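To keep things simple, chains are lettered A, B, C and D as they appear, and every chain counts its residues starting from 1.
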């Protein structure tokens, strides 16, 4: 039986490919890391694409993204992407993020996913499994 | 002498690389297009990295990004990225965006750039050239 | 009626996102441009995903890639991606590429696509439409 | 004192961002993983950008890439990128790769880096530190 945890910290290593000619991580790269972190948060809760019908019954397209870049990250640094499932709505999931290097906050983010029925293409009720994560 | 225009529409073609297994454009790709559109908006105003000291005197790191994904885009579609320099702050630039397919609004976005002195690494006054764009 | 041309030159503009901290275009970016160029070569021959059953009847996964990086490209440069459909095999397509800046050769590449039946997942005979391109 | 090893296996997890609408990992993504693996191979040999003057004294631009895609990879799979420093030339490094899922070979690759003096921009002698890796 899997635990229920609404928080997960995902460690990433900055690659050379992630940098731009300003010598810092390009702002677009963070969306990659945020996605990885929420997949891992799901996984520690026993939810992955094989168990929850993802892409066969429902999908979770990104509906809204907000990022604040406070300090830059650099090549080869190890960063922690702190991911929290903050809210499970009727037909949406909201994740809050802090990207930190040690105890230095680099980036804050919020990502909202919509829940969509893949057969009808319409908004669908958020699966109960997600609700359990935040209720624990 | 170059014109001053605070709006520019940049056309993009969705590549196969831009899609994900959900069959739509991955949400991270839009940041690429927003960046392209603001570079082109600068260019029609006679401002490019060779004329304005970009990366030698000052840089314009992305400070804040907000995206709302209303409808998906698909492989091989032609999209128009409508970019407006909405506000020139003391040490920042704010761009508003609408990504459309024909007259269908797909994505709305706001991007704020900070103005930074590359020698000192500190916040710098926005170059006058940007102010002219919105005053016209 | 569409023409048959085995060559097409696709112009690209280097984005800031395409650079790395070495101040040049990251080597991975060229695969994006090569893909765009072959989609456009197909299009001028009247072949696109809507006309040739791409992804519904057959797919063309990349089977082999070879790239030689001779000179670097930089932010905001305009490059020409010269794409040639060099060979139509029984179950494959081979494209040759030259990426140039003006008359300066920057990168050479070869890309081989396999032709696969999407229902069976097995190698399939290359559609006749591709053969016509090189025979003209 | 660090060990000398010419081989390193780097584990990666396929992200949703890495897939395309064909339902497999896009062919461009492998270059990201190959780069990560060779950075890690260097690291276990005590060589990273802080110890070897990378980007301050010399750089190692990619000069040649060859990839053979034998079988596709899919979302959320864990893959092993087996990286070998195969040859240290006078002014180049050659890495051989096998990307595997369990004992199934998915992709083979070779990457050649050139060694360049960052001050002169000219080809430079490969640092002795790399030679030690393959001699052990």
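We take it that a contact is a pair of C-beta atoms (placed from the backbone, for glycine too) under 8 Å apart; a residue touches a chain by one contact, two chains touch by 3 or more.
All of these numbers come straight from a predicted model, not from anything done at the bench.
More C-beta pairs in contact connect the chains of C-D than those of the other pair, out of B-C and C-D.
The interface in B-C, B-D or A-B that matches A-D, meaning over half of the contact pairs are the same by residue number, belongs to B-C. Rounded to whole angstrom units, the spacing between the C-alpha centres of chain A and chain C is 33. With centres set at the average Cα position, the gap from chain B to chain C is 28 Å. Chain centres here are Cα means. That of chain C falls 24 Å from that of chain D. Residues of chain C in contact with two or more other chains: 16-17, 21-22, 24, 28, 31-32, 35, 75.
On the chain C side of its complex with chain B, the touching residues are 13, 15-17, 31-32, 35-36, 39, 48-49, 75-76. On the side of chain D, the complex with chain C involves touching residues 21-22, 24, 27-28, 31-32, 35, 55, 59, 61-69, 72.
Every residue of chain C that touches chain A in the complex is listed here, in rising order: 16-17, 19-24, 26, 28, 75.
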